[in-house]
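What follows is a group of structures, each given as C-alpha cells.
Both of the next two complexes hold chain A, though its partner changes from chain B to chain C.
For the complex of A and B:
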C-alpha cells in the first residue's frame, strides 16, 4: 500500500533534483528544438523585439556553411581512425596483461595513468614533443622536437607536425596519436575486467584439446569478451564525435596551426563558435545534427553487436 | 578424494605434460608478451617523463639541437616561475572552492533522490526513473546552448554559481547510488521505522555507511570534473577572479608555436597534473571502479 506520507516525502526528497533538472535539462531540450526551427534565431535579436519565422533555414545554413563540412570531415576522420586503433591496441594489451602474473598490477597502474590527466595539460606536453622551435629561413631549426629527433635518429626526414605551414595529414596524425593515447586506459580497464570474469574452464578445455593460441583468441576470448568490446566501441564513437578539448590542448583555441586557424575544428567546436556569435539557431541546429549522428551510429553499433555479440 | 577431485588432478597432469618444444614456444610467447607490454608502457609513460625533465631544464638546454635525456642543471626555479606566471595559486583556490561546494551539494541531492527511488513508494516512480535515464543519451552540447542563455538571464555570468549549479544533478550518480541502496535489505528500513527512527537518521546511520565506496567514487569523479572542466567555465566565467585551473593554464600559455618558454610551461603542466596523480595513487581502487561503470571521462 502506498501511504500518503511516503508519497509526500518522496517528492520532497526529489524536489531539489527535479527543480534543477527542469531548469537545466528539460527546458534546454525544448528550447534547443525551438531555436533550431526558428529561422536565423539569435537571442540578442529576440530581446531586441525581433521575431523569427518557423522553418528549417538553420539546418540548411549549417549544411551549406563551408566550415561545417570541414568540421564534420575532421570529426569523422578522428572517429574512424582512433576507435579501431585504440580498441585493437587495448584488446592486445588487456589480453597480454591477463596472461602474466609478475608485474601485472604495476603495469595495469601504468596503463591507467593517462586517464587521470587533464586533456588540455597533457595536450600541451604532446605539443611540446612535436613542436619545432626557431625554424629559420634556411630551414635550420634550433630544436626539431623530440619526435623529429627520433625520426632523424632512424635516418628519416623531420616533419613539420603542428607549426605554421604544416600539412593537414601531419596535424591529423598528431591528433590521432594523442587521442589514442588518451583513450587506451578506459578501454584496457573495461576489457581487462571482462577478461578476468571469463570462466577459466573454457581455457582449460582448450588446453586439453591442444587448441592453438590464435584459435583460443578468436574462438574463446573475443566471443566471450564481445559485450565489453561492443561497449568500448560505442562509448568510443560517442566520445569521438564530441572531440574538442584534446585539439585545444595541442593547438590552442585557434583549433589549427598558426597560419590556418580553425582547420582542425570539430562538430562541437562548430556549435560553440556559432554560440559565441549569438547564432543560437545555427548552434542548436548543429547540436541536433550531432545528436542525430550519435544516435544513428549508436543504433548501427547496437544492430551489429546484436548479431555479433555472444552473451 | 572424491571422483571429481581425482578427475581434476588427472586433468592438471595432462595439461602439465608438455614436450620440450612446447615449453620453448611457451617461453618465447611469455617473453614476447612482456616485451610488448614494456614497449607499450614506455610509450604511455614517455610524455610524463618528457614533461618532468623538460620542466627542470634551462631554456638554453631545452633548445639544444640534440636533446638531453636528463637535465644538466636542475632548475627548480621554473616551478616558482610557472606558479607566478600562470597565477596558479588563485586558480587552485577557485577550482578547489568550486570542486568542494559542488561535490557536497551534489552528494546531498544524489543521496536524497537515490533514497526516494530505492526505498519509497510513490505514483509515477518507474516512469520518472525511466525519463531520467533517457536524458543520459542526449549529448551535453545540446543543453549548453540554452544553459548559457539561462545563466545570462539569471545574471549569473562570471560567478561561481554559474560553474556549480547547472551540474549539481547527475542522473548517472543517482542511478549508481540507487542500485547500491537497493542491495541493502528493506527489513532494515522497516525495523528502523518500527523503532521510530527518522528517515534522515536511518540514511545517515545505515545507508550512507553501507554505500560509502560509491559515495567516495562519486566525490573523486566530481572533484576531477572540476579540475578538468574547460568548455563551460570558458563560456560563463573566464574572468581572472573566477577562472578555473584548466582555463587559466591554457590562457597563460597561448603561444603554441613560436618561441614559447617550454620549461616553464611544462612546469606549470606538471603542477596542474600533480594533484590528480596524488589522488590516483591513494584512491586508485575507487577511481577505477567508478570509471569502469561510467564510461565518462572526469
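For the complex of A and C:
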C-alpha cells in the first residue's frame, strides 16, 4: 500500500505531464467533438453571445459543401497512388543499398536528404522543375522547366504541368511524383534497418540450396521484412490522408492552378479553409470524418497484415 | 563421396589497417575424408574449424589450396553446385514457413532435368522427415518447435536433396545436456542409414569422440592430430591434444627424466629407457592412477567426490601444473580421508612425456 503522503507526491510528479496532456490533447479532442455536434458553430458567434443547438447539421453541411467531394477524391487518389509506389520503390532501393558495399553510407545520406529538407522548399523546387514560363506562340521567349526540356530533348511535346490551364491529370502526376519522392527517405530508412537485422544465415542457407535471386527476394526477404513493410504502409496511409503541405509547396495556398483554385484541395485543406472562415463546427466535423476514414483504413490494414505478416 | 582437402589455407585480411596483421584462420590443412564416414572437426573456439567447414561448403573461398569431392576439383565451384547439405549452428530455419515448406524449399529450387513433380517433392520431404522422426510436425512453424525438433528439421532440410556431403556446424551446441546425448546418437544413426560423408564441427571433445569415425584436432588454424578418437586419446602427439581430449582433463606435472627414471618432485614414478635425461612435462590421465599404500607418487589428499560407479580423488602436489590433481578410481577402493595423504602407482600407458619447450611428445619405452 502506498500511504497518502506518498500518493500526494506521486500526483505532484505526474502533474506537469497530466496538465500538458489535459490542455493540449484531451481538451482539444473533447472540444472538437463538442464543436462538431453544435449546429453551425463558430467561435466569433459564440463570443457574440449566439447559442447553438445540438445536432448533426455540421456533418450534413460538410458532405453537401461544394468542394468536399473533390477534396475527398484528391486525398484518396493521392493515397492510393503514392503509398504502393513509394513502398515498392523504397523496398527496391533498400535492397539495392543493402547489397552494395562501396559508397553505401554516401548513397544512404543522399537518399535520406529529402527527409531533412523543408517540404515547402522541395515543393518550390519541384514547381520550378515542372514550370512553364511564357506560353508558346505569344511572342515572349519560351522558358520551359527542366522536365519539359527533357521531354523536348527526346522529341516530345511539352506539357503544361502546373500552370494556368493545366489539365487535372498533369497536376495529379506532379503531386504523385513529388509525394512519392518525399516519402521515400523514411521508408528506405525503416526498410534498410529491417534488412540489416535479418540474420545473414538465412541467405547462406538459401545459397546452399541454390535459390535463384528472385526467389530469395520473394520467399525470404519480403516475408522476413513484412512487419516493416506493414509499418511503412500503415504510416504511409495515415500520412497520405493528412496530405496538405505538399500541395501548398507546389501550387501555393490557392491549392490548384491559377485558373482553378481549390481543385487540388485535400481533406486537411478543407478543415483549414473552414477554420479560416470561422466555421469551427464544420472544420471539426470534417476532422472527425477524416479521423473515421483513417481509423477504418488502419483497421483494414491491420486485418490484412495479420494474414500477411509473418511471426 | 570422399572429400580431399589439399594444403587448404584461409587468411582473413586485417580489419585494423594500422597494425596490418592478417589472421590465418586455417593454415595448410591437408586431409582426406574417407567415403561414408563421420568426421569431427574439433578444437577450441577460434581454431579455424568452422572456417574449414565453410570452405568445404563453398560459402567461403580458400586463400590457397584445393578441395576435391571424389575426383572433382570443386575449389572454384559455387556453393549451390557442390551438392552439399549444411546445417547451421542456429539452424537458420525460415521462420515464416512451416516445417513442410522448409523441407520442400531446396527441392523447389531444382531446375531443368532435376525438376521434380509436386508428388515426388512431397514424397521426398516426407521420407526425409521420417528419417529424422518429425513427420508428425510438418504443419508447425519453427517457433512452435523445441530446440531438438528444430535441429531435426534443419537436418531433414539438408538431407532432402540428397547431398554428396553433409556438413554440420556445432550441431548440438544449442541443446540441453540430455537432448545433446540423444541427438548425437541420432546424428550417428542418420549418418549410418544414409551413408553420406559427414563433417561436423564441435568444441566439445566428448561429443566428437563419441560419434566420430575420425577426429581432427585443430589449434589456431593448424591441424594437431587426426585419427580414430581412441587412438588420438591414447597417443596424443603433443600436450595440447592431450589436454583437449578427456574429461576430467589430463593431469600435468613438472618433472624430469634422470638416469632412466621419471621423477615428479622427489618421487620416481616410472622406470623408462630410450630417453635422454631432461626436464619434461608429464601428463597422466585421471584413470592412470592406482591407489597403493606404498605407491610411488605421494600427494596431499583434499577431497573425494563420489560419482556412483567411480570416485574422483582430488589431491594436490607441488609439482602439479594444475591447481589440483583429479584421479578416477574404482569406488571399491576405500580412501582414508583422515590420513591427509594419498599414494599412487602410475599405469605406464596412461603417462605421457612432453618436451618442456615445444610441448611435443617425448616417446619412451617402459623398462
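Here, the second predicted complex is superposed on the first by the 295 of 311 C-alpha atoms of A that agree within 3 Å, B and C clash if a C-alpha of one lies under 4 Å from a C-alpha of the other, contacts with A are read in each partner's own complex, and residues count from 1 in each chain.
As a working rule, contacts are C-beta pairs under 8 Å (C-beta built on N, C-alpha and C of every residue); 3 or more make two chains touch, one makes a residue touch a chain.
Computed from a predicted model, the values in this text were never measured in an experiment.
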item	value
Broader residue contact with chain A after superposition on the shared chain, chain B or chain C	B
Touched partner set for A:199, first chain B, second chain C, both or neither	second
Partner chain in contact with A:288 - chain B first, chain C second, else both or neither	first
Which superposed partner A:209 touches (first chain B, second chain C, both, neither)	second
Touching partner for A:162 - first (chain B), second (chain C), both, neither	first
Partner chain in contact with A:100 - chain B first, chain C second, else both or neither	first
Touched partner set for A:62, first chain B, second chain C, both or neither	neither
Chain B versus chain C as contact partner of A:224, first or second or both or neither	second
Chain B versus chain C as contact partner of A:118, first or second or both or neither	first
Residues on chain A lying within both footprints (that of chain B and that of chain C)	204, 207-208
For the chain C and chain A complex, residues of the former touching the latter	57, 59, 79-81, 84-86, 88, 90, 92, 94-96, 105-106, 108-110, 141, 143, 157, 161
Chain B - residues contacting chain A, complex	11, 14-15, 29-30, 33-34, 36-37, 40-41, 43-45, 47-48, 50-51, 54, 62-67, 108-110, 112-113, 115-117, 120-123, 125, 128, 132, 135, 137-150, 152, 165-166, 168-169, 171, 174, 199, 224, 227-228, 230-231, 235, 245-246, 249-250, 253-254, 256-260, 262, 265-266, 269, 272-273, 276-277, 279-280, 284, 287-288, 291-292, 295, 297
Residues of chain A defined as touching chain C within the complex	199, 201-202, 204-205, 207-212, 215, 219-220, 223-224, 226, 310-311
Residues on chain A engaged by chain B in the complex (per definition of touch)	2, 6-7, 9-11, 13-14, 16-17, 20-21, 23-29, 31-32, 35, 43, 89, 92-93, 96-97, 99-100, 103, 107, 109-122, 124-129, 131, 133-134, 141-144, 146, 149, 162-164, 181, 184, 186, 189-190, 193, 204, 207-208, 213, 231, 235, 238-239, 241-242, 244-245, 248-254, 257-258, 268, 271-272, 275, 280, 283-284, 287-288, 290-291, 294-295
